[in-house]
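Letters A, B, C, D and E name the chains as they come in the text, with residue numbers starting at 1 for each one.
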Amino acid sequence: MLAAYMFVSVLLFAIGATGAMIRRNFLIVLMSLELMINGAGMALIVMSYFTGNISGQVMFLFVAAVAASETAVGLAIAAMMYKNKKSVDINDYTTLKK
Amino acid sequence: MSVEIVVFAILALMAVGGGFGIIVTKNPFRAAMWMVLSFIGSAGLFVMLDAVFIAMLQLIVYAGAITVMIVIAMYTMDRLTIASLKRFNNQAYFGALFGIGILLDFIVIAAKLKINTAQMGKNLSIAGSNVKAIGDVLFKSYLLPFEITAIVLLIALFGAVALTKKDL
Amino acid sequence: MNFLAYYSINDLIAIAPQLILTIFGFIVTLVDLWLPKTEKSANAFIALMGFILAGIVSVMMFDSGTTSAFVGMIVTDNASLFIDLVIIIAGILAIAMSVNFVDREDINIGEYYSIILFSSVAMMFFASTYNLIVMFISVETLSIGMYILTGFLKNKSESIEAAMKYFILGSFASGFLVLGIGIMYGLFGSVDLNVISASLTKAAAIYKALGILAFMLIFIAFGFKIAAFPFHAWTPDVYAGAPTPMSAFMSVAPKAAAILALMRLLVVGMHPIQIEWTQMLWIIAAVTMTFGNTVALWQKDLKRLLGYSSISHAGYMLVGITAANSLGYGAVLFYLFGYLFMNLGAFSVAEFISKKGDTNTEIANLKGIAYKYPLIGAAMLIFMFSLAGVPPTVGFIGKYYLFSAAVQSHLYWLAIIGVINSAISAYFYLNVVVTMYMKGDTEGEFSILNSGLLKTTILIGAVGTIIFGIFPSYILSIALHSIAF
Amino acid sequence: MNQLHFPILSTIVFLPVIGALLVSLIDSKKETAIRWVTFIVLLLDFLVSLPLFFYFNSSTYQMQFVEKVPWISSLGMNYYLGIDGISLFLVLLTTFLSPIAQLSTWSGITQKTKEFNIVLLLLQTGMLGVFVSLDIFLFYIFWEFQLIPMYLMIGIWGGPNRVFATMKFFLYTFFGSVFMLVALMALYFLHHAYYHEYTFNMVTLMSQPLPANLQFWLFIAFALAFAIKVPMWPFHTWLPWAHVEAPTAGSVILAGILLKMGTYGFLRFNLPMFASMTHQFVDIILIISLIGIFYGAFVAMVQPDIKKLVAYSSVSHLGYSMLGMFALTTIGIEGSIMQMINHGISTGALFLIVGIVYERMHTRNISEYGGLASLVPIFSVFFMIFTLSSIAVPGTNGFIGEFMVLFGTFESHKVFAIIAAFGGLFAAVYMLTMFKRVVFLKPLNPKLLKLTDFNLREWIYMVPLVVFVFWIGIYPNTFLSKMHASVNHLIEQTKITNVNPNLNGKVSFDNKVIIKKSGLKG
Amino acid sequence: MKTLVLLIIIWPLIGFLINGLFGKWTKNYAGIIAASALGLSFLSAVYPIWQVILGNIYDYVYFTWMPLGKFSVPFGLRIDSLSAVMLFVVTFVSWMIHIYSNGYMKGDPGYARYFTYLNLFVFSMLLLILGDSYLLMFVGWEGVGLCSYLLIGFWYDKKTASDAGEKAFVVNRIGDAGFIIGVLFILFNFHSVTYADVFPFVHQVLTPETATIIGLALFLGAMGKSAQFPLYIWLTDAMEGPTPVSSLIHAATMVTAGVYMVARSNAIYDMSPIAMEVVASVGAFTAFYAATMALTHKDIKRILAYSTLSQLGYMFIGVGVGVYWAGIFHLMTHAFFKGLLFLGAGAVMHSMRGLLSTDLMGGLKKKMPQTAILMVIASLAIAGIPPFAGFFSKDAILAGALEMGHPIIWIVGEVTAFMTAFYMFRFVFTVFYGEEKVPNLYHELHVHEAPKVMTIPMWVLGVLSIIGGWVGLHVSGEIPIEAFIARTAPTLEVANEAHYSEAFLMGFSACVGLLGIFTAWVIYIKKWITAESIANTFKPIYTLLANTYYVDEFVYFFIVKPFWWVSEFFLWKIVDVKIIDGGVDLFGWISKRIGWLFRTLQTGFVSHYAYWISIGVMLLTGWYLVRII
């Protein structure tokens, strides 16, 4: 049973990662990052259940808090991007290169 | 026993399907909906893993607060522009390739994972309540991370306000 | 269950510097509400006072033996106090740099200073803990602080772009960190590095192999933070885009905390699998150095050049860690101390020549500056020679110790690659000196950010580079003594 | 042992730095004041260095005027100065040439004179530091430090494409010496592995050599750094660039003193410390020096630019010096040191001559000159004296050096000496053709007519050089007698080849030792 | 006595310093100062020479010049019979030529400079002769080469003069390289270079092979200095210098230094017959070869130059064969009559305002009677006609060659003697006898007899070229000069010394000389067979001889030009700039190229940076994944 749960959490993680890499819309990227961390959090919970030690869940608490604050800052950046170039497409922002 | 597996399968399908939905849909609003579905699925899984409090937290914080925050942010922007954006950036096939690569790596790790499951399922709750167990451990040994999380939230608050405040 | 049974007053004393900074963070935010729009710079001086107070406290706490607080979460030993000192000095200099800068760019709000204070607190926690989860949270705190500070120039598209890139890649990397911590927690039942190290030594082969994999996942976030090769791509864009004082602060303080945390992770936590991580680090160090130096050959903009140079310096420090002997770790700490002065000095000169909107930091604009502002020219010359690793400067002494540590543990080839890299780096650093001194005088008036505090930072940087270049023995012995782990 | 009980070497080394501080205080408008102050400081430095010659005890090979102060005791580094027969004359050459070079810039350098004089003073400190430091780390610091002022001097006050020349100069030497750094570290740890003592002390490292199999890479790394500096044949391409673009004073010091650091390095590091490897490399280095002699001469023949010609001639001259050194005979090494000093004087003087003419004519290619003898007779006489000294005509200093080198090489490698004997012939060819085209023939170029002969200042800095050309030529004993003890000792050191310290050859480092043993023996 | 010997050298040095440093003020007195310096030097040499004739040898050491590790090279002077003869020749002839130059160089802008160089030359020549060690001889050797360079290129604004000067110095330097190698061998084997330590121990120390090497090396030096066959090309160009210079340096003193050196190191040469053979045969060949070229030349000074070459050949035959005293004796007599010939030619040039070619001159006898008579005396001497000096010395050499078992050399010697007589008298007849070739040329140039100051030294030399030879007569059983010189340079003991009657040899060489004069008389005075007819009958040979076997062109095109071309295009442009410099810049290029490749990573797109992170992840985990599969 451990493998099954781990499969789910790893799957969620990988989907989040892929989403962050391929999507152009900053908000979708934000959501997939959120999904990534959620998948990793699930791994924590799975581990805490199978090793029978509560601290995994306590750690999930902190991870969730951090994820939330990250999303907040991400949205602040999204707002700035929108105000600046009226678009949240990350490929419009490539002036810094080489 | 088989009922548990069936429920597990449904919830897992919800979580993964929701995730997949996010990265595929064109319109970010519909993506937000998929995200909610995924979070509900994972909350269910948490319940199965005797992490009732975390499941509640997941539902309220993730499904509720974060998603709502994103949607509100979307409303501030002109719906048409953000909806009409192209879906994938150029050379996205590379992204997919690497995503699958990472997936394979981690699936191998997940499959081969071996942990001592001697204490499986035990001492996750004191006198039947999961919250009490968490509370006990949280304030006994994890007090410092608790304080630092306070600082995280504080910085995020100040930062978000500073960055988006109109008149400085 | 009595709450006080677990905690006592000396826990608070152990994290005194962090506490002071947090308090001052709150003070600045509150005071900022009463300050009228014109005298916003008072915040800066309060923040400076906070940093100086914290500095004094951490110096006093030196050599008082390693005290672990908060049930083993925090360990304030000499090393963490040393890095606290580095962070504090970096903070002081960064604030001194940004007082007039913020005024010019009219982003003169209290939050700027409070976020610097809070992220410094996070960095100090990051550097002085053996607990993975505390590491994760403090990394995330300081990263969020850095995302915000990078994006502070709201109406400059580069700054927003830099913040966006930093944000996405930062959280992408921290995702791996959480997964790594999860697996490590699962395998060894705890997140404390000492416990992990103990169980790793007597673990079966399969556990060891899985432990290595978990460590690799954790290393990704550290690699990202110190800009090691595969994870470096954000550094040049963020340093170029971010406001100059912040890119200066970012190039020193978080990197110092990340390097010490990495050393704690590697030396204490992953001691049983030392061979594996030394091999891995060997390759990463070599490639990072070569990448940083060779690409910097092509740079036209000073801030981007310093971005690539910080990648190459991260490579040099990785060489020190790969040497895996006490001289190497001491050398890394010493190098961080030296790097602080060189880099902040160089960035402050970049800020000195920048125009409103933090633009015009190309190297070409330095043409003939040495004859209009001889002291600034001489200081930049010292920074450049120090970054290139030419003697009587602290850069040379630092590089010398790093490479001699590598030679001591027979990594001759790594030392040779490092040494060739510093030779290559001499080209682009001296190119700056060439533009300053040898391209003749400029006709028109220099558009410079004329601020006393900025000049003092440049002066402190130059004096520090020379003094610790000629008399490094005191700082070096402190650094060598603080490697108790 | 320090006979004078007074830190004379430190005063000599750091007097110019004080001078530089002094000059930096003077307002940059008062150029004459700046020039006078710098000149007096450098002259003072020379006067202070004279007691070194008089109180020098030529009977012992021990280091003299020694000063030792712990610097970074945790790693065994000391501030350790001292000189012996070999480095005595190089120090005197430096303190002797610098005031002359400075004097030649009074009319040459007109803009940014204050920065120039500061750079010149710092350069002096760097060079002196190299010759007097006996702690290899301190040696390395001075070795690299003197690159900076030279880099600035060529770069700022140089000719048209000075930036390319100065970058090539800096990078070439820096690249070489960076390998020396790694070798230095390896030597430090290998020495500890065998003699259980962390030290940078040159004298102990010399007296306790390492087993032969370890010396190979060390020898090559050190040899590479010094070969670039000498410059030996394949590593010389930076020299013509640096000389053509450097200002007169820069060329004088570059040719006069900087090149000697390479040969000095061989004498201090490669010969004593890696003796067994030296014996294996003798033939290769002799062949390279021979190529250097002939190659330098041939390429010098066809140079259109005087400075490049003189630059390639230094490749040839220093080829002789290396030849004498690696013959590993007492006379050979003494000849090589004499050749270093002579090359310093005669090539330095030649650059001054070219500088004088360049200041008036602003061109360096030979075709624009001609018939100077009839226009500026005194200049031509001096020019002839220095040409003769660089061709090694007997009676001048060149002959002493060259003959001793030839005889030294003859004692151990007959064939090489015979081939080298014909080198002098080509030296005559390129110097005299240049001399003929510049001094003899008719003054066709109208611009030549406004040439003025020596003014008082030029007299002052030319006469001492001529005095030394003939003094060494006629009575070299004053110089040679001081060297015998140290050179013989060096020969003894090169003979110790089969070293097997108690360890069974397996190199083992114990990492933790540095920290535990806080009181490291320096 | 010690200071007196030193004084001989110091006088010219003082003269050199006075004229050199105070040239501006001693404008027109320079000549007198220089001449008086030489006179004093000669006077202070008379007493020591007299003492040496009485039989004692002086060897004084003044200070140690160069300490060479275990042993050291002293600065010392030595007068023995060999150096006494040389001393007499050098001081006396130079004194005469100094007096002569006063007249010749009057009015020349570089008057003081000329005498400075001349005094320096005499100083170095004396150093060469009186030096007590090979090294001191070498100092003099190069000093003399330097002065010849300065004096040949005296009129430096003439391109040909400077080129000639430079060519002289370079060719001498080739010789000097050989000399140095010889000195190195001696120093190595004997641990000293002073004659006193070398010659007595030659037998114990040297093996025949090393002796040959030393001999040949030293002879290479001699060839360079005394212009023997391969290295003679500089002497003919050296005529660019003022004529007194040619007479002093390129006739009397410097060129003979080689002969003196071979005579001085007779002990070494005796040890190696091969070296002796080489010296003799090169001498013979040069004598013959130079004589052939002198036959056809038009320019007076060139003819005399070639005749000097051939006479030098004779001297080397003398020393090469083993009769050292004959070689030195011929050197002495040659100094007298060749010096006189050059001075005469100088007088002619002086009055003809620098015209040199013989076909402009004719019947000068009427205009310059004294010079004519003197030139006839000198020509008779050089031709080897009995009462004159040349006869005795040349005959001694040829007799020596025959007796020492070198018949071929004897034949070549005789043929050359014939040719010498012929071309000398061709010169005399064309210039002084016969009619004026160019009508009233002399009138325009108002040619007149040379002034007193020039004719007196010529007369002195004339007398000497007559009585100089008598020293070679058999007096009370042995030849005085032979006995005197043999004290330091004994004649080689040859096993089968063939004895020919003295009278036969003398008679034969005298007839050869007369025959030569007669043929010249037939062609140029009587014109029974005109020179032109001979010329076009042997057309190819004539043209070959006329432009000196095209040697100069050969040397220029096959040695100098390719040398310059190789070092300019190959060594400098290709090897130095392309290969070595290119190789160095390659490093720079490689690092830039690597930088360029890495640079393409920084595309600016966030997603690409994320790709790199995931590649990093896959690499790190993948590498260690193998362990858990």
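To be clear about the criterion, contacts are C-beta pairs under 8 Å (C-beta built on N, C-alpha and C of every residue); 3 or more make two chains touch, one makes a residue touch a chain.
All values derive from a computational prediction rather than experimental measurement.
Listed by label, the chains touching chain A and chain D alike are C, E.
When C-beta pairs in contact are tallied for every pair of chains, the largest tally goes to A-B. Here the chain at the heart of the structure, going by C-alpha means, is D. Ranked by distance of CA centroids from chain E, the top chain is B. Taking each chain's centre as the average of its CA atoms, chain D and chain E sit 39 Å apart. Inter-chain spacing, taken between the CA centroids of chain A and chain C, is 26 Å.
Inter-chain centre distance (chain A to chain E, centres taken as mean C-alpha positions): 98 Å.
Distance between chain centres (mean CA atoms), chain C to chain E: 79 Å.
Residue positions of chain A touching 2 or more other chains, listed in rising order: 9-10, 13, 16-17, 20-22, 39, 46-48, 50-51, 53, 55, 59, 62, 66, 69-70, 73, 76-77, 80, 90-91, 93-98.
Residues of chain E in contact with two or more other chains: 588, 599, 602, 604-608, 610-611, 614-615, 617, 621, 625, 628. Multi-chain contact residues, meaning those touching two or more other chains, occur in chain D at positions 171, 175. Chain pairs that touch one another, listed by label: A-B, A-C, A-E, B-C, B-E, C-D, C-E, D-E. Partner chain B is touched in their complex by these residues of chain C: 1, 3, 6-7, 22, 29, 69-71, 73-74, 106-109, 111-112, 114-115, 118-119, 121-122, 125, 131, 133-134, 137-138, 140-141, 144-145, 147-148, 151-152, 154, 179, 183, 186-187, 189, 206-207, 210, 213. Residues of chain A that touch chain C in their complex: 9-10, 13, 16-17, 20, 26, 29, 33, 36-37, 39-41, 43-44, 46-48, 50-51, 53, 55-56, 59, 62-63, 66, 69-70, 73-74, 76-77, 80-81, 83-85, 90, 93-98.
Considering their complex, residues 599, 602-607, 610-611, 614 of chain E touch chain A. Of all residues in chain C, those touching chain A in their complex are 133, 136-137, 140, 144, 147-148, 151, 154-155, 157-158, 160-165, 167-168, 171-172, 174-175, 178-179, 181-183, 185-186, 189-191, 236-237, 240-241, 298.
Partner chain E is touched in their complex by these residues of chain D: 168, 171-172, 175, 234, 236-238, 295, 298-299, 301-303, 329-331, 334, 371, 373-374, 388, 393-395, 399-400, 403-404, 406-407, 410-411, 414, 417-418, 421-422, 424-425, 428-429, 432-433, 436, 439-442, 474-477, 480-481, 484.
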